[in-house]
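Should a chain be cited, it is by its letter among A, B, C, D, E and F, assigned in written order, with residues numbered from 1 in that chain.
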């Protein structure tokens, strides 16, 4: 079910059903940030949305929340169109999403993440949320899981098989391909120079732009195609369903 | 242009162009909250998104940011599927969106809002942002405008003409109709009882549910249809383009 | 009762009495900000204080808290003497006032407001307070109401009758007149130019000063007099008593 | 000048004058909290207001801001009528007052305090404000001073001379007397038992009420009279004027 | 017991034992800040640590937490090596320490402080912590006490006896001597000019450096010696044990 | 140099010297938390302190700040003696440390970390700090680096060579051994059951205790010895010096 295209009685009925996934919800989460000369600014939130929505078509019991589309992208702010939350803001917003979903009886919240730069802040937020319980010695109502879509079992391996050279870590051909499969009428091209972008550390926005002038890190996105993107999506769907099912079935100590 | 389906060089070129709307951006903003027995949970963020995206098809120079899809909906939290930010979180998030967009050279940010419950917090946020400048005696880089889609010139009048009885103020036939036009395969029906929902004050979530058992306030959404929704959208498009153009053209003192 | 001129046993006795207003308290709330060439900086907190204290003389069962005298006035900061809280600070302070009054058994808190610029932040604060309850699914101990003094039944109409032209929206002859009635030895005069001030949008402080050079918006305060102010006060007193009585008597669902 | 009973041009003229006190402002600051069986809840903000306003009648160049009437009184919350800010809220509010007054050109802000329980938080706030400058290595625009009214030169000695026994530290006969002089029609009496209240540490509200059942600490307020209060006020006036003048005249290194 | 050199079962056993100090813990707390030409930057956290650890060797039942080594030192930031928390950060950190220690069953937390500049913020923090209980009308799990090491009974008197002239208030010979006793291989010398440093008010960092060019206030630290430091430590040990024992034995009302 | 055992002129001279490491500072950072039946509660802050202080003896130009001894340990709060900061508090404190050190001219700050649970929050803090610069488009004064001591080149490999079985991830024999080398008189023993602790996910404190009853994760700390700890320290010293030297020498783009 796509939560935002459902009515509240439909959600209510599902949460209170006997379905194995009844009390589990997926939140696609990403970032809106530059992805090199040709990548869509929405790449990092579109990828988990594309995969989650595709999976929901396969298994209608999957509950998909609206997409959390702005994340932690301070290092990309020197490129037009990037929108970033400060980590402290990001933490507050995730906390309120969790409190809302937990309020309705979702006992397991699974964040399907599309942006590596989100990971530290999301994990810090989980600790912030758990701390409220840990300080008073109670069990939380809800448990939380973070999964990057490329870390779904088998997916990273497939990406590297398809793109053995120039995969890189930002504006990768994998993520570009997934968005090309999702938005084939938005495929863009450019002359990349160099073909494979440089690597280096990530710090503030001006440092980033000085190191990575067109925005890419280590990648050659020219290799992307909608067809390759579809292969990745097709691999991710069953991996996601298996992963979320295991999460929903996990017995707590 | 849809910002999230563009690359950063495309956005950069547009901001630095001579187009009248070059330095102006529209942020569709709403809420994900119950909309009665048949309304989509996403209604309040889908409506401004539907209207803004439709307007962009008419005038490709309109710059549409990703949709800010979670707002201030604490009073709806007793209905499954509602996701709310606390006002303080909402303020922090809007502030970071504004800082990001301002960073790129957008000098005018126009929030096209779909949720009445957002208004107070958005306006308080504008003051919070302006205060940083007012305390030090400088002019802000960016000016901000809030417009509810139903307050676009002529739209509210049209809605009342179409639905002279039972329009109400939550889960209105107008907003339901707009989403039906946008998502015709998601039209839902129910036996409303009473046909026109009651009115009353809005406080906390349990008070709300006690007053408005199915979530509606004063409305009879059974009157909605995709065709009526399309009429509203068609009226909103030119009104939005005119309104944003006037905002972009305003000369500051 | 004026709370600050009472002892704690007196307040304790009143709260625990059978008086219809025993568990209801009025908080006069306003702002300290410029009010044009002749208006007192305290106008916006003096008006609700004057009206509330006058009403208390009529009905001694009214419980009047100390006046909350600094509000949200960032847009007036380019004029000397203005003191403003940031919206976030204002929210925190109101929250602590409410928590304190609620702690003592006041179940209904009525904010009699004297500043239009406060409205958005006060309403956002109410939502912030209610959200604590809505997230956990409990009923709050206290319900909250905001009423601008000019919105007391009949008052705005009277003001417009007295000042049919040049009432405006800031440094209005109505509010100036009320303070003249309260502080007749502080009546000030000036040559207003133009006689009726301009109108326009409200943004940051420098923008405000550029648009409204002497601080007024749309008003001609030369029309004010202590006598007219007393007429407004005399109309506001019964309206306030009726309004607070209805609030106190409201049965919750 | 009483700031709130002045217009902005009057304040503007004074700040830009050559008067020795032109750029100095006094903020009466206190608390609204229980003061034993007979003391006014407003005692701690009324005392500095009474003294400051009396001093202003002696020397019209004194600039008196509105009274900051709610402070840090968490320990009194078990007594009806007490209103308290959390220290963190109190800090935020003082910070905004200082930023506002500094914005207009006041270079020295003098807090005339009426509540011992405020001292730690006010001093912490001064450090919080200064820290913004210290971290970046600039000089602040404004310097800050805290003075309890009883610490004005000679005042505490006078209080102890008048009340050599049973002065105590809360609901003292001195502060009660000052409010009696200011509000002679609000003098209240009670049979105090014991005549002199006990002493002890101050912690949370319930601990406080258990230790000090009627709210007093170490005091016998029955000794207070309006005449004695007037003597204290009369001594405080020249002491305040001398103290603020020295503060205004202090040459910074 | 030194908490950080113990295992959790050891701490658990002690808390649950019948020892009179079982549920009491000492937190040495100070600051890392300049202490004149010869004083160690760590002086203010080393002194309470030295005294507390020495006392623990005398009475092994004393429970000593790790040292809270960074405090409120904004005024020293113009001297290299100073590290300061903002008061608001300091408050948050103390709050979390208290919550953690309280969580394990420590019912009394005793802060042995080494920095006068910490006092206001620590006391404000105690009020912030207590306020959470006072607003809801419950008793806190833990009571808190602040003691400066020089205020331990008899210690200040001894210091003044040893250093009757030039004791001063920052970089005092007493505190320098205590660190010399603790770290005799780190004794430093300098030609102080003037021999006794000036006195004056404390504000921001640049003001401080202008008033106190080498960092000292009113002191002549050349008088310090390891032997004198040891005398102070030897006096502080029994005073600390007596003070903490009285605190642990205090019966709450 | 150990910063806290130096005077400010010594630090000032070093920062302004030509030494390659003059403007670089190491902050040992860890956590105070349970480390199984025998591990010291201070293990995670003692390890980086032991290594950093040992390295400073080898190369006196290394500048070592005081140890940041409390980190993010919410998941260990069900074991006595654990002290944790909330992530948001941890972020604020690190931010103030960075601002202080940066204020003095340290241009590179290297956090030598001893606790895996700190990593996410420290990285989020770096982003929070950088964001202040990224939003305004300036370069930060200081760059930041996080290095876990076991990730120093060659160290993790050595640990696994010494402890090929039962190394685990919490209360590892490596970290226990390092503290045994540092505090050989505090070596503790216990009968571990099971010998090698279980593995599993980390969530809140009660979940943690249910999964890992004695606190260990996957480890057999009985293998630790002071000698093995010294081998690890000896390997870490040159690795740290090389790593910090490379960091200090890095040329920014």
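The rule we apply is simple: contacts are C-beta pairs under 8 Å (C-beta built on N, C-alpha and C of every residue); 3 or more make two chains touch, one makes a residue touch a chain.
Since the structure is predicted, the reported quantities are computational estimates derived from the model, not experimental observations.
The minimum number of touch steps linking chain B to chain F comes to 1. Of all chains, A has its CA centroid at the greatest distance from the CA centroid of chain D. Counting C-beta pairs in contact across A-F and across E-F shows that the higher total falls to E-F.
Looking across D-F, A-F or B-F, the pair that copies the B-C interface, with over half of its contact pairs the same by residue number, is A-F. Inter-chain spacing, taken between the CA centroids of chain A and chain C, is 47 Å. The set of chain D residues touching two or more other chains comprises 77, 84, 86, 88, 100, 103, 134-135, 137. Pairs of chains meeting the touch criterion are A-B, A-C, A-E, A-F, B-C, B-D, B-F, C-D, C-E, D-E, D-F, E-F.
Chain F meets chain E in the complex at residues 3-12, 15, 32, 34-42, 45-46, 65-70, 77, 79-86, 88-89, 92-93, 95-97, 100-101, 103-105, 183, 186, 188, 190, 215. Across the interface of their complex, chain C is touched by residues 72, 74-75, 77-78, 84, 86-88, 91, 117, 119-121, 123-128, 130-131, 133-135, 137-140, 143-144, 203-207, 210-211, 252-253 of chain B. On chain C, the positions that touch chain A within their shared complex are 134-137. Interface of chain F with chain D (complex): residues 99-100, 103.
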